[in-house]
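What follows is a group of structures, each given as structure tokens.
Both complexes shown next keep chain A, but they swap its partner, so chain B is in the first and chain C is in the second.
Here is the complex of A and B:
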């Protein structure tokens, strides 16, 4: 079958009233589930699995990929409006999205998030369609040693996140790495740093931690500095048109393209997904930016990087799923399970026997990414009504949402305690100019970084030189060294200049 | 007023009496929950979701699969143990829970706090090699490993679970030394084999089947008494002179103290659901249940005890 026939076959699957209706419903529920804290994209997909029993397998996967894409996007809405990451992958969106909203530019931020999400999603869908086979074999090149290097590259951004407080940022990041070691040690199968608490065997839960660090701590901050109430009160969306000037769009073109490519690649890697993609995309843009100091203070580039990368990871994670039958992340794993329930054998033979799977998922993703922009605007407007509530009522409501969301993720009261503790910790960290963002970065990358290094060393029987001399690893690590040292030198030089003048 | 109070009192007394007297006879009269202590999409979860419709048909009440995941399967265990022992809460358990019990991580232990009901899946372990790798047969592996002790790498998950223990037991049985590399999930372990980062994989036949059919991997050894129907060319451990069987199982239990009549009712209902054409077809399609999996309550109780002994011995032998 050539590409055109394939696309026609895919379109035949998707452009039927039933599937279109399902995709539409999937979009609405995906965006709303994504926007609700506590429901991750994987969970949104899992919740929709029962509905697929009425569809044929190809229709099911087209529908579920629509839910997946839109849930990742929906997570950005509360991230901007309330600093609550709706899904873990939108934690990075809060860094720049919320400061923009505080400046009264929520509408602008939302529009940018939706358009970059759609852009990332569409680029990755094309990559999936055209070079699936090549991409999946590229993904397999990344063994433990290479994955370690990728994660380390992500961590190397620590020195440039906040150049004026480099030491404190690095301390925060390393604390995150330390927290990531709490769990059942995946390489030894024994508890590590859990102090006998059964709860900690599963590690520090990501959703409660992020909701606490960002949302709860923000409410605490607002309570302690009531002067900022005036700015928050009154609803930003009314006075904030959903518009970006042409030059603003044009200035983001390379960011969008770079982050789409990066996100797609990260999505393919085993064990990495949208969350890691957004952190890496953000880190990459800080490194490449001429104004790294704007990141974290409402930089359009940072916002665009986060949302383009996490949505690009959606297409990426479908690549190993469709071409090899290996799920690239949690959401993909749920899709495999859904297909298995229908008796479909997911593996390398799937596409050889039925290439329509690929093209129908592609068409579905394209339709979703376009449809999603409009649906998300409607949902965002609905959510933004909440902002008109005066802060003395809204603040407690946010805490309530945060608690319910953390509980809902695993029906666990322990998670609510983590949220509240993380909220307190996040408040004091921000107060003493440590960086909650860096801590989250360490927490997210800790597992993939540490355990893959240990695996790589085991595979090479303890020979560190062999671990680091693999071509991809060595290249990435050299980049890391440059990334870590350049900001330090730059700061030294700037301080010297300041001293001389 | 008095009448109303009296009526309520009578109704109350009746309901209590009624509940205790007709409890076993009426069972089940409402929805039954199956607590799966692992996430949606996991092997245990899909097995239960495949079994639930058949079980629902047999019992005539809704059977709902509920995922209570976290803490390596302990959260679900602790949650289920706190549910009333009335047969309305079934707990999915597998090898993991035996291993957790041995490590004394929680005051709740599977064999102490639960009564066995039935086992529905008994799998085996398949060792695979990438089609492009240096090993085509198990004999190649043994020959190479004898020359280069510890150089052969094997991927899998659960270092102290079925994967890690079976790898080391098989290696010991073959008189060779290999290095087991644990990954976070079966999917990551699979990628490592396909990418050539490790030599062999330790996985369930179901997970490997499509890769083998697609020509990406070869099955080189299976830990079972006789060859599997789906891989007739793959030698067993016994063919290779290794006296080891291993494999994951999936079973159902109820909180300790559930009335024996209720347990036997559940047991026969699960047997009927297990035998249903739908579930049997599913088992065959996903190629689970490689060794006859069905065990009744007594058989499952014995399995728990024998697994405790097996792993204790295994841990001592391989020095974990």
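Here is the complex of A and C:
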């Protein structure tokens, strides 16, 4: 079957009233669940699995991929409006989205988030269709040492996140890495830095930490120094036009393309998902930008990078799932389980026997990404009404959402305590100009870094040289060193110029 | 000495303690060539000890340089309203387990909105009731998240209130 026939067959499956209706429902629920803090994309997909029992396998995967893609996008809505990342992958969106909203440009930020998410999603869907098998085999060549190098590449952004406070950003990042080590050691089976607390044996949970660092700390800040939202020019969303000029769009074209490719590649790698993609995309754009100082202060490029990358990872994670039966992340794993419930064995034989699977998922992802833009605007408008509520009502509501969202992730009240303590830590960090974002980056990548390094060392029987001298690993590590050193040199040169002038 | 330097010194001491404490009393791995569980944390801690020490030095130098900005007094940095807000949050985080979601959330919402400026009693109580009810319906009924019911009499109260809402 050639590509055109395949696409026609896929379109025939997707463009039926039932499937279109389910994609629409999947979009609405995905965006809403994604916008609720504590409901991750994987959780949203898992909650929707029972509804797939009434559908055929192709309809099921189309529906679940709609939920998945739109949940990742939905996470960006509260990230912009309230600085609460709806999903972990939208933590990066808060860096530039919330400052834009504070400047009265929430509409602009939101439009950019939706369009760049759709762009990333569509590009990754094309990648999935065209190079599905080739990309999966490339992804499978990545062993533990290469995955360690990729995660380390993500950490190399630490020196360029805030060049004026490099040391404080590095301390924040290292603290995040240290927090990621607190848990039961998987190899030795002994508690590590848990200080006798049983709760810490499972490690520091990521969602409560992020929600606390970004949302609770903001409420504490508002308690001390309230911002008068009503006085912000253009209000928050109602009066803020959803418009970007042509030159602004044009200026973002390479960011969108680069981050789409990066996000797709990261999505293909097992274990690395939308969260890592968004951090890597953001870091890459800081390094390539002529104005890195704008990042974190409402940069359109930063916002575009984060959202394009995390949504591009959704298509990427479908590649190994469809062609090899290997889920690229948690959401993909739930999709495999849903297909298994229907008696479908996902793996290389599936695409040979039923090639329409690939094309149907492709068409459904295109439809989802287009539909998502309009549905998200409606949901965002609904959410933005909350901002008009006076802060004495909104503040408690944000804390309540943060607490219940953190609790819902694992049904553990200890997570609520972590959220509140992380909020206090986030407040102190922000007051002393440390970087909660860098801490989150360390926490996200710490586990991946350590586990893959230990695996790689074990495979090479303790020979570190062999671990680091593998061609891909060595190249990536050299890049890391360059990325770490360049901002330091750049800052020194800038300081020297400032002194001379 | 500034608050930041004190926090940094405490953190530095904690890092040194962790560096010594991590991996103590753990038997070496039987797998040949495997990295021990303390190797990675110790590498990070070593980096942290160096970075925090340098940061203390730089902050001290900056604070004592001529024309350095005045230090923020503790009372200004953490006003009573801030401390009270955080105590309420802690009370909520602990209380949710014992008082149950419905009772603790209602108390938290009304008390917190009072602390941050709401003075109308009816709005306070109505706000507490509505937000508790809405969150309960969304998470417990629609999303099937088992919210805590508390212990003892509070569990009975939660069950009775749940019956009312449902």
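In the analysis below, the second predicted complex is superposed on the first by the 491 of 501 C-alpha atoms of A that agree within 3 Å, B and C clash if a C-alpha of one lies under 4 Å from a C-alpha of the other, contacts with A are read in each partner's own complex, and residues count from 1 in each chain.
We adopt the following convention: a contact is a pair of C-beta atoms (placed from the backbone, for glycine too) under 8 Å apart; a residue touches a chain by one contact, two chains touch by 3 or more.
Since the model is a prediction, treat every value here as computed from it, not as a measurement.
Judged by the touch definition given at the top, the superposed model places A:143 against chain B, while chain C stays out of reach. Within the superposed three-chain model, A:395 lies in touch with chain C and out of touch with chain B [touch as defined at top]. By the touch criterion defined above, A:419 reaches chain C but does not reach chain B. Touch criterion met: A:343 reaches chain B, while chain C stays clear of it. Of the two partner chains placed around the shared chain by superposition, neither chain B nor chain C is touched by A:207.
Contacts of A:445 after superposition: neither chain B nor chain C is touched. Of the two partner chains placed by superposition, only chain C is touched by A:432; chain B is not. After overlaying the two complexes on the shared chain, residue contacts for A:188 are found with chain B and with chain C alike.
In the overlay built on the shared chain, the residue A:129 is in contact with neither chain B nor chain C.
The interface of chain A with chain B overlaps its interface with chain C at residues 187-188, 190, 411, 458, 461. Partner chain A is touched in their complex by these residues of chain C: 4, 7, 15, 18, 21-23, 26-27, 29, 31-38, 40-41, 44-45, 47-48, 51-52, 54-55, 58, 77, 79, 81-82, 85-86, 89-90, 92-94, 96-97, 101, 105, 108-109, 112-113, 115-118, 123, 127, 131, 135, 138-139, 143-148.
Residues 36, 39, 47, 167-168, 170-171, 174-175, 177-178, 181, 185, 187-188, 190, 192-193, 216, 219-220, 222-224, 390-393, 395-397, 399-401, 403-404, 407-408, 411, 413, 416-417, 419-420, 423-424, 428, 431-432, 449-450, 453-454, 457-458, 460-463 of chain A are the ones that touch chain C when the two sit in their complex.
Chain B contributes residues 39-42, 45-46, 49-50, 68-72, 74-75, 78, 99, 103, 105-106, 150-151, 153, 157-161, 164, 179, 181-185, 187-188, 190-192, 194-198, 209-211, 213-216, 281-282, 285-286 to its touches with chain A in the complex.
Across the complex, chain B is touched by residues 42-43, 46, 49, 139-145, 184, 186-191, 198-202, 205, 270-271, 320, 324-328, 330, 333-334, 336-337, 340-341, 343, 345-350, 352, 410-412, 447, 451, 455, 458-459, 461 of chain A.
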